[in-house]
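There's a structure below that I have some questions on.
Which chain is which? They are A, B, C and D, in the order written, and residues in each are numbered from 1.
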Amino acid sequence: MSGVEVRAVSKRYGAASVLDAVDARFPEGRFTSLLGPSGSGKTTLLRIIGGFVAPDGGRVVIGGADVTAVPLWKRRIGMVFQSYALFPHMTVAQNVAYGLNRRGIRGAAARAEVGRALELVHLTGFDARRPKQLSGGQQQRVALARAIVTKPRVLLLDEPLSALDRRLRQNMQIELKRIQRESGLTTIFVTHDQEEALTLSDTVAILDRGRIVQEGAPADIYEHPRTSFAAAFLGDANFFRGTVRGEAIDTPAGPIRIAGALPAPGTAVTVAVRPEKMTLLSAGPDPAGNVIDATLREIIYAGAVSTFLLTGSDGAEIKVLSQNRDLAGPAPGARVRLAWAPAHTVLLAD
Amino acid sequence: MIPLGRLTLALILVFLYAPVVVMIVMAFNESDLYALPLQPSLKWFTALAGNEKLIDASRNSVLIAVITAVLGTAIGTLAALALARHAFRGRSVLQLLLLPPIAIPWLITGTAMLVFFYWTGIGRGLHAMILGHVALAIPYVVLVVGTGLQGLRSDLEEAAMSLGSTPVHAFFAITLPLLAPSLIAAALFAFAVSLDQFVVSYFLATPGVSTLPVEIYTSIRKGFTPEINAVSTLLLGASVMLFLVFAVLTRMGEADERR
Amino acid sequence: MVVRLDRRQFTQTMGAGLAATAWGLGPVRAADKTITVLNWQGYGTDEKFAVKKFQEMTGYEVKHDYYNAEPEMLTKLRTNPGAYDVAILNTARDSQAQAENLIDAIDLTKVPNAAGLADTFKTHPNITIDGKTYGVPWVWGMNALAVRRDKVTGVDSYNVFTDPAYVGRCALFDDAVTGIAMAALLTGQNINNPADMKKIGDTLKTFKKNVKLLWSSEDEWNKAFGGGAFDISVYWSGAVARSQKLHNLAVDFLIPKEGAIGWLDNLCLPATSTKKEQGLAFINYMIDPKFYVDWVTGSGAPASANSAAMNELPATDLNRQIHKPEYLSKIQFMGTLPDDRRQAYNDLWEEVKAYYAHS
Amino acid sequence: MADTATGATLPQPSRGGWRILALLAPAYGWLLLTVFLPLCAMLVFSFLKTTPFGSRQPLVFTFKNYLAFVDRPYLVNVAWTSLQLGLWTTGLCAALGLPAAIALARATRGRTRQVLFLLTILPFWTNGLVRVFSWTMLLREGGLLDQAVHLVWPGAGSLSLLYSFPAVVIGLVHAYLPYMILTCYLSVVGIEDGLIDAARSLGARTPAVFTTVILPLCLPGLVSGAILIFVPVIGAFMEPRILGGRIGVTMGTVIEDQFTSAYNWPLGAALSFTMLAAVLVIFAAFSGVLRKRLAVA
């Protein structure tokens, strides 16, 4: 087991640049997600690490050794494909044993390993089935067992949960996390589902147009997005643009304060506020912190929480997430006041 | 849709077999002009037993057909892999180049082969016939295997390689077994193309080494006797036996059954 | 040791290797004691009794290679030097084969049975080129009309192909020379050099309504006639005898008032043959009256060019009935055609066929 | 020709070129030696005045053979007949072959399917000429088909199909139908059951499932099948000659005549190459349309 590093990796397909001098570290034993919209280059990066695609430039280092020139079949990686890519002409046991056999482990030893792997994914007793006879979730777990049974140095997951329905996906997320913890594998996980990335990862790397724009622990990235892209892609955000004037930022919605240091006065800046950080004020005195006026347009009720869609005094759309503690509340059309703490105002780099 | 399809399938089988049944029945009919009503007789089979030429020709036909099926399928499959799996410049030109062997009447291809082989010293004979037959089978194999490859995902090979297979091993362990139905179909077609091919054989045969279709073709003038039906019937039987042995040996269809 | 193979050896080795891996070749040509004859299939030379007899006489086995069209025969002679020892040619093709040095001149004195050949054939202009003889006349026949006995009566002209009584009941021979020659006879022209090709084309086109099919082999003719597909057809004289004798078909041969188209086949020695002596021996045997009688009685044959052979047949024999000597005066024989004229024949015939086909 | 790209990338692009070459070399090398070079010789012949083989005249080059359709207007009718034969045969093969392939692939499983599949190819392990002759037995006046009809309907007249256009079509459909069944079958087996269920669950009725799901997915098979059928049918000569009687004059028989009895190889070759060019133009025109359709599917 070992960490993975990519250094200045680039890839072009024809005229289109898919990866542009990407640097990234995937620490040993950690679960890292590559998060980004489609076309951001995350799958290409994964495939370069796995050796499925050769980079045009840059290096791939696994466990301290440069593997850029090492072919796929010698890299000792485990890959779970989006389509699972189970061999339809083999049984579950044969599928799982395939990599073991390639590494010279056969017979009883292989059977024991296969049994352990299937136990790990809760598929004991499914040995003799064929992939076509399994449900989507079961196939996914076979693919996982097949990838980890060989004890690879790195486990690569290419959107493995995207084909599952919501409930199954949530179960599988828990399973995946458990298995990763138990096996202690360095894991790189490609997804476009932010929630999945946040739930599973030790580290999240956000990719945008062939570059990693931010990397860090899920909570860190969520609470402190560095760019408006990161803020918008990972969770929801309300954006305010304005100019630094004295202690506050002057925006069309009103002055907004932040917790940290401000740039020089006169600088144009953008700040973001997560919808759940805002509260709708009931009648009474304003609390300390930021308060702005808005008009309630619509309430989307979703059981435990409701989403309030509002229009700011400057006409911009504002979204607020609130737990349904009180039954009574303002009705659409009502003029309301929104409040949040300066510490929850995130100053963005762009 | 499916019951309708089954009915169509049944009718098509009747349609496909009508002339074959006629062929077999006429082999057992006394009349040399294929006249009706039927008078059962084994005389054409008896006559055949003494017809060394026809028997030799049949043996050559099967021999060439087997070689063509094996060589043609192997060579054509390689090309199909390149054409289906890789995008490269000139691919569509190469695909188009498969058309002439099918589109140009075999008569012209055969004549051209005769002249060219004569000029280059390849000459005529069994080796020339095999050269010709395999060439005519290749386009069919490429088309059939290519169609099969389209239904085959390429990530399976990648999966195998990520598990430690070299590309060659991945091809033999994964792609080839999954491609088996297409390969068998292609081989059956190559076999059929060769067995039925008379024009090329006719031009490339040397006196004394001919094939059954050549014998049949040249016998039109003399008289197409039910002996031809008899030998065709026997040959069909032999081919079916050959295939059954092959099917049993390779346990074809077993994997299919379980899924 | 370095082994060098040129392309020919390479392909041959490859072919041989392939063949050897399987279970053996067809009969491999024995190096010596065989001669190979190039002929139509089922045309005398490959009669079982004859092959056997010749082997008994000379120790040489007779192998055959067949052709299905005259140009193909020439192509085979050209592309297989040394492969053939005797070739059967329509004498109309002799000059072409001779010009390409495909056949050798024959000294008739070395063919004892040639003494019995009818003089008209022995010195026929088709086989005599620059004073030398390039083939031994073998058999001759006529292309005229075959009609269904009892059903067709009173026919005495090729005009029957335009007779409304026989719409869709006629068949033609799919052969350019025969087709054009028939129309030439009908329009009173020389079959080997008709003056008015357009008239010939127009005449042939008037046959359209009556023509049901064009046959190209004796077998096809027998099966179609036997199946009742037509009642009147252009046909070969010798084939009529065979259809009556071997297949019991109710068919009669008649020569219309315009005459018949005659042809003469001869036995030639391919120039590249390495066994000319045995070739001549085989030719001599082929014009042996005994062989001819056996051939006629066994399967049926055209008329022999050897008067001695014809005389051996009983007077009642069908073949003698059909090939009456007085007919010879009503026959125009197919002669040598220059390339361009032959092509004109073929082009016109193709056009006529397309006209028949287009509805 | 259907575009067969799956767009998969190579693990080692630097060696990809050699690998492609190694895969293609045997097939195209073989074809080069046995088909393309000989056909090139034929192409040269097609510009000659007379057959170069055995002609006493010196070689004269001419374009005349390519003007055959102008010089011989009757060839237009012949080409029209061939085109009609090609369209009828291809159309009927598609209409019969696709449902059969679907039934074969979807309604049967395992060994039954293999056996049925084999049964459709089996007839082709007999000689084509023998099969065509067997058709004459069936189709001729008072033949087996007539007798069968009379068993069911004693008063019926003779069908007398032999020596007619339908007879040629029947013979050609019989000869080429398995190609369509095969190529369609290979396309149909690739369709996942789930896809059809999904279409059903979205409320598609059977005909809609067919036109919106199955047909587009079968298109590659249909196209390959159509190529394998239409192209050789245009040049077919045995079926028209034996089953067509007087009307059996097609491009195939005209070309055959040039190579056999007429000994005009240049004209025959020129006609073949003209035909090949026409076929290529037709498919080029169609491939644009098809590519769009395939992209949508």
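Note that a residue touches a chain if its C-beta (ideal position, glycine included) is under 8 Å from a C-beta of that chain, and two chains touch if they have at least 3 such contacts.
Just so we're on the same page, UniProt names per chain: A = ABC transporter ATP-binding protein; B, D = ABC transporter permease; C = Extracellular solute-binding protein.
Keep in mind it's a predicted model, so treat the numbers as computed, not measured.
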| item | value |
| --- | --- |
| Between B-C and B-D, the pair joined by more C-beta contacts | B-D |
| Most remote chain, CA-based centroid, reference being chain B (ABC transporter permease) | A |
| Chain centre separation (chain B (ABC transporter permease), chain D (ABC transporter permease); CA means) in Å | 16 |
| Distance from the mean Cα position of chain D (ABC transporter permease) to that of chain A, given in whole angstrom | 53 |
| For chain A paired with chain C, centre-to-centre distance based on mean C-alpha positions, whole Å | 87 |
| Centroid spacing, where centroids are CA-atom means, of chain B (ABC transporter permease) and chain C in whole angstrom | 35 |
| Residues of chain C touching at least two other chains | 68, 75, 220, 223 |
| Where chain A touches two or more other chains at once, by residue number | 51-52, 71-72 |
| Touching two or more other chains - residue numbers and ranges from chain D (ABC transporter permease) | 11, 53, 260 |
| Complex contacts: residues of chain D (ABC transporter permease) adjacent to chain B (ABC transporter permease) | 1, 3-8, 10-11, 16-17, 19-20, 22-24, 26-28, 30-31, 33-39, 41-42, 53, 96-97, 99-100, 102-104, 106-107, 109-111, 113-114, 116-135, 137-138, 144, 147, 174, 177-179, 181-183, 186-187, 189-190, 206, 209-210, 220-221, 224, 227-228, 231-232, 234-237, 252, 255-256, 259-260, 265, 268-269, 272-273, 275-276, 279-280, 283 |
| Of all residues in chain B (ABC transporter permease), those that touch chain A in their complex | 153, 155-156, 158-167, 169-170, 173-174, 177-178, 255, 258-259 |
| Chain D (ABC transporter permease) to chain C touching residues, read off their complex | 50, 53-57, 72, 74-75, 77-78, 81, 136, 140-143, 162-163, 241-242, 244-249, 254, 257-258, 260-264 |
| List of chain B (ABC transporter permease) residues in touch with chain C within their complex | 32-35, 52, 56-57, 59-60, 63, 66-67, 114-115, 118, 120-128, 130-131, 206-210, 217-224 |
| Chain D (ABC transporter permease) contact footprint on chain B (ABC transporter permease) (complex, rising order) | 1-2, 4-6, 8-9, 12-13, 15-20, 22-23, 26, 34, 36, 75-76, 78-79, 81-88, 91-92, 94-105, 107-109, 111-113, 115-117, 119, 131-132, 134-136, 138, 140, 142-144, 146-151, 154, 158, 161, 167, 181-182, 185, 188-189, 191-192, 195-196, 198, 212-213, 216-217, 220, 224, 228-229, 232, 235-236, 239-240, 243, 247, 252-253, 256-258 |
